[in-house]
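A, B, C and D label the chains in the order they appear, each numbered from 1.
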Amino acid sequence: MERAVLEDLAAASRILVDQGVFDAAGHVSMRHPDNPDRFLMSRSLAPALVTADDIMEFSLDCEPFDPKGRNPFIERFLHGGVYKKRADVMAIAHGHSAAVIPFGLVATPMRATYHNAAFLAAGVPVFDIRERFGATDIVISSAEKGAALADALGDKQSAVFRAIFTEVSARVQLQAAALGGPMAALDEDEGRKADVINLATVGRSWELWKSRVT
Amino acid sequence: MERAVLEDLAAASRILVDQGVFDAAGHVSMRHPDNPDRFLMSRSLAPALVTADDIMEFSLDCEPFDPKGRNPFIERFLHGGVYKKRADVMAIAHGHSAAVIPFGLVATPMRATYHNAAFLAAGVPVFDIRERFGATDIVISSAEKGAALADALGDKQSAVFRAIFTEVSARVQLQAAALGGPMAALDEDEGRKADVINLATVGRSWELWKSRVT
Amino acid sequence: MERAVLEDLAAASRILVDQGVFDAAGHVSMRHPDNPDRFLMSRSLAPALVTADDIMEFSLDCEPFDPKGRNPFIERFLHGGVYKKRADVMAIAHGHSAAVIPFGLVATPMRATYHNAAFLAAGVPVFDIRERFGATDIVISSAEKGAALADALGDKQSAVFRAIFTEVSARVQLQAAALGGPMAALDEDEGRKADVINLATVGRSWELWKSRVT
Amino acid sequence: MERAVLEDLAAASRILVDQGVFDAAGHVSMRHPDNPDRFLMSRSLAPALVTADDIMEFSLDCEPFDPKGRNPFIERFLHGGVYKKRADVMAIAHGHSAAVIPFGLVATPMRATYHNAAFLAAGVPVFDIRERFGATDIVISSAEKGAALADALGDKQSAVFRAIFTEVSARVQLQAAALGGPMAALDEDEGRKADVINLATVGRSWELWKSRVT
């Protein structure tokens, strides 16, 4: 595998910290470019510190290949569970970005309030681990829990782009909600059309963001 | 044309990133100082990275002169459409600043809540592309859409000044709204008078902001 | 006069920018330590850039002594007006800090919600220039307007300390208001007692803040 | 005592400033590792400036041993009072983090809205000095007041971890409250289970945070 792929995946982790999506925790992974039955993900490490040498390779059952003494994240089961069930998913960013979490706690659905978050217009599912597994430590720590979680994103750069603008759109919606009254947002049709344009600009944003963390 | 003009236009782009008005997107343009039938605008590039060599020259129909292989922004149609219809407009800043967008989503009008945003007291029009063009990708990507958009600002430094304090005033209004009850703000008369004073101080702020990005 | 006095006054200006109280505008002044009929204030300049050489000396009628070609702030009339009417005032910080302004727009009074802002418990007057002077440019630009404004603060370091924690307390109150229901805060008696303790710690904060801007 | 212990306690103080929990005030202390009848705490100093040489040793009655001319914090009575009454408490972080204070002013209880703040699900007591001591300067400045305050945290690194994520969880709850309607959060059972996992990751966060302040 090309070294540049590992370096980009590590940069994705650092970019998501730099852009305020990840804090001391957060994981970004990608399906192996040459072998769809494997995925790539950092060893257990603060996401701001991840470099290419920290990237490990896993089976879809989350078994590491050639760990070289590196300790994997328990959260890899979230990633493996999605890659196994959803062949279309090529990359995953899993974080706890501050403006998004409120939408998991209340009944208000997330909406597409920012042009670069147009993809949110298709709807944002909320996975509540309590409904299926009762009172747990809320970590996706097993293959069974990973399989129960079925959200996913596009390719690696798009996963970063979408994680960032999901946070931005959430902040806008929180402020608009404070003003009260009916609120406009992109509808599904607009969201689909605008997302095509947005994806065409991912490279431009990626280069900028990457320059800040390298 | 003087090199300093291009450098100032490029600095305007970087200033608006530094001051939190632009993110990975955002475009600032100006009417050509010697030829009112042309305007100047960066090639397609993250606004934080724009330098004088990235500035291209366009006709009011958005045709580039001497592109030298540089790729223009599709959003240039927003700029050309305004320069063509509004001879009084000398510069445009087009961004998606976070505290302003909520006022495009709800019925609450923007008000002048901050002295340097006194010009907002004259009213802030909201352009909803859906009313005229139905469900689109929400980009001003043609001459027809550009012509349908008719908001504009003063000279280049003022465009930067106003973009910054529109964001600041929006933040103040969002906070005041959270307190509830009737809200004061500058009325149209006060807004007009205070704006005269504000424009006289643009140079002082410009020098400060420019020093941060050069 | 000692050079250190001028350097501290200039540092106060830069500290208030660094701590988010001043933006591209904002003025801090002090009564002359040896001559109570004079005050010291920067020439017209962004507050982040003020150094000892920018400090000018004024009569209480706002006439400059020995201007050396330096251009004074029109806002000096706010400062002179207060020093003239209030012999107890030794220093003034005049800014537009973002979380404080909403309390000038709505009926909700500011309260002391943060221990270091205990002095707010004595009440915060709101001066509305419209009531006395009608629709103006809202600048305190004459001796008459300066005389109509009668708010003031203690010594120089305390003015900085109080400007900073007024902003902090305002942010806390805005957040508490969003939660709804009755809100506690220091009462006048607690405010007076806690302020004695706070003033005793100003030096410790001042040294820290100054180290960030020198 | 090992020098590394003093250096870690000093780093804890600087970390809490860097992470936005402490401002110009805030104190972190720990029980003496070899003598449970003593505790360690910085001399009176802005928490951003604390180094190992600033750490003083106190009896549980807050008498300093070998002060070497260093001036102790008056707030040491808060720390001594807790160590004396609660043998299980090994470290204390006392600050005024901005998003937490509103929950001391209104009736809304703090809840565990963020995975790393799972420990909040057990409930957050509010100590109102006014109920017991009337109108005071609100400082815990005596043994009697210290004894009246009985909140506490786990070991030193955990105290830092918990102070940080209490602030983060408070911010999330403030935003969720603004959306209105019923709000979910971890229940006590989930909180206990998730906290076990969280404590296992404290070291990873600690190394990251420490690297930012050393």
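Quick note on the criterion: a contact is a pair of C-beta atoms (placed from the backbone, for glycine too) under 8 Å apart; a residue touches a chain by one contact, two chains touch by 3 or more.
From a predicted model like this one, the values you see are computed outputs, not experimental measurements.
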| item | value |
| --- | --- |
| Any chain in contact with subunit A as well as subunit D | none |
| Same or different residue numbers at the subunit B/subunit C copy interface, by half rule | different |
| Approximate Å spacing (C-alpha centroids) for the pair subunit A, subunit C | 45 |
| Distance between the centres, which are taken as Cα means, of subunit B and subunit A, whole angstrom | 32 |
| Junction residues of subunit C, two or more chains touched | 178 |
| Pairs of chains found to touch, sorted by chain label | A-B, A-D, B-C, C-D |
| Residue ranges of subunit A touching subunit D (in the complex, touch as defined) | 23-25, 44-46, 48-49, 74, 96, 98-99, 101-108, 128, 130, 135-139, 174, 177-178 |
| Residues on subunit C engaged by subunit D in the complex (per definition of touch) | 113-116, 118, 168, 171-172, 175-176, 178-187, 189-190, 193-194, 196-197, 201, 204-205, 207-209, 211 |
